[in-house]
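A short write-up of the structure that comes next.
Chain naming follows the written order as A, B, C and D, and within any one chain the residues start at number 1.
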């Protein structure tokens, strides 16, 4: 796959295979194309050449659009949260939008300790709290592929360990993670340099 | 069409023709000049590039 | 389907909640109508002739107001990515958004329009027609306006741009609505105008979501 | 080893540049020829029994009005090619075509008003044809404004292409609705333009002028596309220079 932004080609000849239970850490300077690769996998960005293929557990190829709508989560730089609404409302919407049931939402609140935040308006939350809230949908509606853009960046040390535990549990359950990171992930992960 | 016929409505015919000719001249010049300008720019950048590569 | 319901509820709460919802458009509409007599004199014959037309045009202009934020807000805070990867295609998301815009802005305007046309010396018998053209026209204005909002994504001075892009497209509905109002006012049958307006509105609801989704995908690319 | 300068230059969509290099001047010359003949015949026609000598203005108004519509068709077709086939040349063609079409539309309105003034005694009359040409001008301005206010060129091109296609679908509706609107407010405009009632002697110069205008439009459009392609080439080169 190669991705071109305007006149600049970010990377070319990129070939990435991610198996179940595997995590890939995308490293590289800012603007090197880490986010663009995540968005290309998520189907939001049209690569200049190459394509993204999804395969089911039995190896059978899946329809990319379906796979993206039902089996992929993307958490970007921005959290996609409406600052004028309360955290609870946003979590409810994001969970419903990704097809989670009430028990999924309860699990997310428990796993990410969101209970105290629910009544607050999103505008009052810190960026770390907003990131945890955005993570809510990943727990609420379990999907195999996580595409994360600098998941740890706004979190403090204690929340980072909690987040990496969630990610490792996801991997253990056969999930896949592709994350754009600056500092390496605190667990075993293959690393891929973008735009070298 | 005699000169007399023209004179009767001269106040409308000639401005219309003047406007049209003016527009054609302006649009042609603008297009040709911009085409030449960018062509020169490409050649200048290319000669710079060749000088740097040597 | 659950996702779509959640989206529609969210859009409505955003449209009615943030930014005063219909209040903004109603205030603009009222001030436009109030300024006409000040600008053009108040004798009833003149006002009666011009009034319904201005009230109708005011409706079209007022529906432009909160259009700019329709997609821009989600585009800026990253929610559009989530909406583009949702359980329903982006076309359905566009339909829901424009529909919420209609319910939050155009419908209240249509209900308020009779007050304006009465103030501009229109006969009271014109009220049902004013509401009907307001609702049908509002549908066209909301969806074609939504298309302008999607096209202007990521542009600077989006609000003004939406108006410049969208107003030429308003020409047919404005003509049809005005014709229906005119016919109703002088007693002839407004059916043709209404049918044409309804046809345009139906085409807008049916076709613009496709273009809106394409414009959103283009902005996300 | 570096490409020799000529090959480097041909890295543009070379076939178009090579072809247009001789095609543009040829069509340009043809346009001049046609316009000369058109005017030469034009000034020989007898004055119209009703409009007198102002029929001469028709020879420059009708072709401009025709071009305003032809220009939008070109804009819509190149937008379609650029949107569906992601064809960079088509995108450059669309961008080059819009100001040209808008210019001829404005020219059509100006000459139309000058033509109507002696007939109707007003500089502007909301005649059906003039009104739809005015709305067409608004479509052009909307396209140009949209394209100008989005920084990212590729995104601006595609958004404007969508607008051009939406406009193309809407234009017949606008045209029809303005005519219908005109029948409702049947004003004093008894002014018939072109159509069967035109005396044959006027048809020849009118046809020559219309062909001349279209050839001029074609030549200018090619020149502007070449300019746009060079501008893009220069931008790429200067970007590369910056990154070296």
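For this structure, a couple of remarks:
Here is the rule we go by: a residue touches a chain if its C-beta (ideal position, glycine included) is under 8 Å from a C-beta of that chain, and two chains touch if they have at least 3 such contacts.
All of these numbers come straight from a predicted model, not from anything done at the bench.
Between the interfaces A-C and A-D, more contacting C-beta pairs are found at A-C.
Comparing each chain's Cα centroid with the centroid of every protein Cα atom identifies chain C as the most central.
Averaging C-alpha coordinates per chain places the centre of subunit A 37 Å away from that of subunit C. Separating the centre of subunit A from that of subunit B, both taken as means of CA atoms, is a distance of 55 Å.
Subunit A and subunit D have CA centres that are 49 Å apart.
Averaged C-alpha coordinates give centres for subunit B and subunit D that are 15 Å from one another. Counting partner chains per residue, subunit C shows two or more touched chains at residues 221. With touch defined as above, residues shared between interfaces to two or more other chains in subunit D number as follows: 152. For subunit A, the set of residues touching two or more other chains is empty. Under the touch rule stated earlier, the contacting chain pairs are A-C, A-D, B-D, C-D.
Taken in their complex, subunit D has these residues touching subunit B: 2, 5, 8-9, 43-47, 52-54, 56-57, 60-61, 64, 100, 103, 107, 110-111, 114-115, 117-118, 216, 220, 223-224, 226-227, 230-231, 233-234, 237-238, 240-241, 244. Across the complex, subunit A is touched by residues 2-3, 5-7, 9-10, 13-14, 17-18, 73-74, 76-87, 217, 220-221 of subunit C. Subunit D contributes residues 135, 138-139, 141-142, 145-146, 149-152, 155, 158-159, 162-163, 165-167, 169-170, 173-174, 177-178, 180-181, 184 to its touches with subunit C in the complex.
On the side of subunit B, the complex with subunit D involves touching residues 1, 5-6, 8-9, 12-13, 15-17, 19-20, 23-24, 27-28, 31-32, 34-35, 37-39, 41-42, 45-46, 48-50, 52-53. Those residues of subunit A lying in contact with subunit C across their complex are 39, 42-46, 68-70, 72, 74, 76-85, 89, 92-94, 96-99.
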